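Everything on this sheet refers to the single structure shown next.
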Amino acid sequence: MADLLDGMVRAFWLLVTLDRDLVEITLRSLQVTLTALAIAALIALPLAALLSVRRFRLRRVTIAVLNALMGLPPVVVGLIVYVFLSRSGPLGVLGLLFTPTAMIIAQVIIIVPLIASIAHQSLRELWSDYHDLLISMNATQSQRIKALLWDGRRALLTAALAGFGRAIGEVGAIMVVGGNIDHATRVLTTAIALETGKGDFAMALGLGFVLIALAIAVNLAIHWLGHTESEGRW
Amino acid sequence: MAEPMFPLVAEQAQVRRRGKVLVGPVDLTLQGQGTTIVIGPNGAGKTSLLKMLHGILRMNGGDLRWACPMAEAQRRQAFVFQSPVMMRRSVVDNIAYPLQLIGTKRKEARARAAAWAERISLGDALDRPATLLSGGERQKLALARALIREPDVLFLDEPCASLDGRATREIEEILQQTASEGTRLIMSTHNMGQAQRLADEVIFVLQGRIHEFSPAVEFFSGPRTAQAKAFLRGDIVE
Amino acid sequence: MKQMLLGAFASLMLSGAALAEEMKLAVTTSFHNSGLAEVLLPEIKADLDLDLQLLVVGTGQAIRLGEAGDVDAILVHSQRAEEKFLAGGYGSHRREIMYNDFVFVGPGSDEAGIQEAKDAAAALQSIAEVGAPFVSRGDDSGTHKKELSLWAAANLDPQGFGAWYRAVGAGMGAALNTAAGMEAYIIADRASWLNFGNKGNLKLLFAGDPVLFNQYAYLPVSSDKHPHVKTELAQQLEAWLTSDKARDLINGYQIEGEALFVFNAQQ
């Protein structure tokens, strides 16, 4: 219990003094996760819409695979990315291992199935609503996808935020592919793991509170950015 | 003027789902003028017949031909559903959507949609979410959305079911106006008064088949079959 | 305001600054937990203009990283694994830098009575006899390998131990956390122990047997195997680590008034 209180005090001081290391790893956390989120959304959302509007042969299999991949342990993703990016791996020449780019790649792989699955759930419902109307209007495949993505944007925002939450709190994969290098690839979660390892629970908890505050702030910011012109209630 | 769409000819056209016949086999020839009203008891297949003719229910047998190529025919028709689908966007964007699909500039599409909204007395609700409209407003929006591409054929599936008198009258006025401008209306209804007001010809549907097809005056003055007579009297027909 | 926020996001994503020379060094958790790195790194940066990026992993993983060419050099403490690494042609050579020692840590009550043990082997034998809870790193690290060799020296085989022997498969700090929570015995390097913040009821019970000395060695990754490694930087770093300045910094590093490392590089 004392640790918890101590952690809150520590988090408070880190924040009010704008501790330089804290600012650095927080910004890196944001940079890595927001980039991963943007890339993952660009892949996952159209995929979810396509799975909703189009009945192709491997559709059911794809959906099942996506759902299964949602439960993939991040550390496994980390190991697979590591094997590919290692100097002795197929993509070793790129020299990406232990860089923020490698962490972004791992996070994209982790959250694409999650975002696509959640998005597909809601887009499927929207599509059953729109199905007759859009077919009656002769909308092409890409027009149908566009209409779903636009009109379903609120649900898609929720899906994206779920992805953000999973990515920002993830530690297993980015520890393996990022290496937790100070001033290069250290982010909030790996720093927390490090402090826990040192037995400095107060510092670990302090960073944990910063992470929670960051997640809340980003959620609010994205909701606010996504707020449409009027007081829309779709 | 584009090439004629009519006659529309259906030969042994049939739709089955899960082993059950929804409609057909239907043999039907529709000519190019007037308003066709489809009547019949609940579950007789009125909706399925309209959707089949419109081309959004895949047929399991038979043949359906317009006088012009199919793709062109599909571009020139529209459908108003019994429970209208409100897209999750504003009133004006809902009405403008069919124009945007065919590449009309957004600004022009919205201007034309705004004019239509005015016509259906939704002019001061342009930016409201369409999902917040009342039943009558939704149906009028759906009608405006269907008419904005100026289709040559308009299908309507009980557009006035569950609407109050005022909304029904507004919709009928628009329909009469539309018909007088030369648009071919094919519409189902439960309301015999409405059928008599609008119909030039009547299709009486029973158990998925066309039981009787005759000019409106003839049908309402003296139906040929006993079932149609009973239906007009208000008896239960199975 | 929205534009500003979006702009901030965008610049955040694009940022990626050019830096001084970089090289990657895999080190063991026990070395990193000692806190010595925080003394050495700024001096290295100042003297060599070198951003030394530390990958803090177990010895097993450090050696794997070196074998794969994912780091430029390794700093570890497990002589047998190091010799295998050299024999496989993965490292150019091995240079001893310094040593510290391992200590036996356990609950203050010391039910196995290892405080009076005459040597490390005797201490382990009495722990096994009593069946007192014992936490093993169990992660193939240098410390874990050391622990196994000590059991072997005491003529005991952990394979046959009962439930009192807990292999946690974690780093030094995490293993110490577990030991503190269970009031168990554990073998730790002195540096990690002194720097550990969550000691609870644990106490240092036994130390000083020469078999507990722990030699750290520096092994650059061979450029024959991996042409991309930064051999020149690795050489500069080696020269610095064996310099008089490094000697003074390493010997002078203390926690709670205790020196942790003894510099013993051949200069």
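Order of writing sets the chain letters: A, B and C. Residues in each chain are counted from 1.
Note that a contact is a pair of C-beta atoms (placed from the backbone, for glycine too) under 8 Å apart; a residue touches a chain by one contact, two chains touch by 3 or more.
Please read all numbers here as calculations on a predicted model, not as lab measurements.
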Remotest chain, chain B as reference, centres from CA atoms: C
Chain occupying the middle, per Cα centroid: A
Pair joined by more contacting C-beta pairs (A-B or A-C): A-C
Inter-centroid spacing, chain C versus chain B (mean Cα positions, whole Å): 79
Centroid distance [mean C-alpha coordinates] between chain B and chain A, Å: 46
Mean-CA-position distance for chain C and chain A (Å): 33
Contacting residues of chain A [partner chain B, same complex]: 126, 129-130, 132-133, 135-139, 143, 147, 150-152, 229-230, 232-234
Touch list for chain C against partner chain A, complex: 2, 5-6, 9, 12-13, 15-16, 22, 24, 29, 33, 41, 51, 53-57, 67-70, 171-174, 176-177, 180, 195-199, 226, 228
In the complex with chain A, residue positions of chain B that touch it: 51, 54, 56, 74-75, 78-79, 81, 85, 87-90, 97-98, 101, 127, 129, 131-132
Complex contact set, residues of chain A against chain C: 27, 30-31, 34-35, 38, 86-89, 92, 95, 97-98, 100, 179-184, 194, 196-202, 221, 224-225
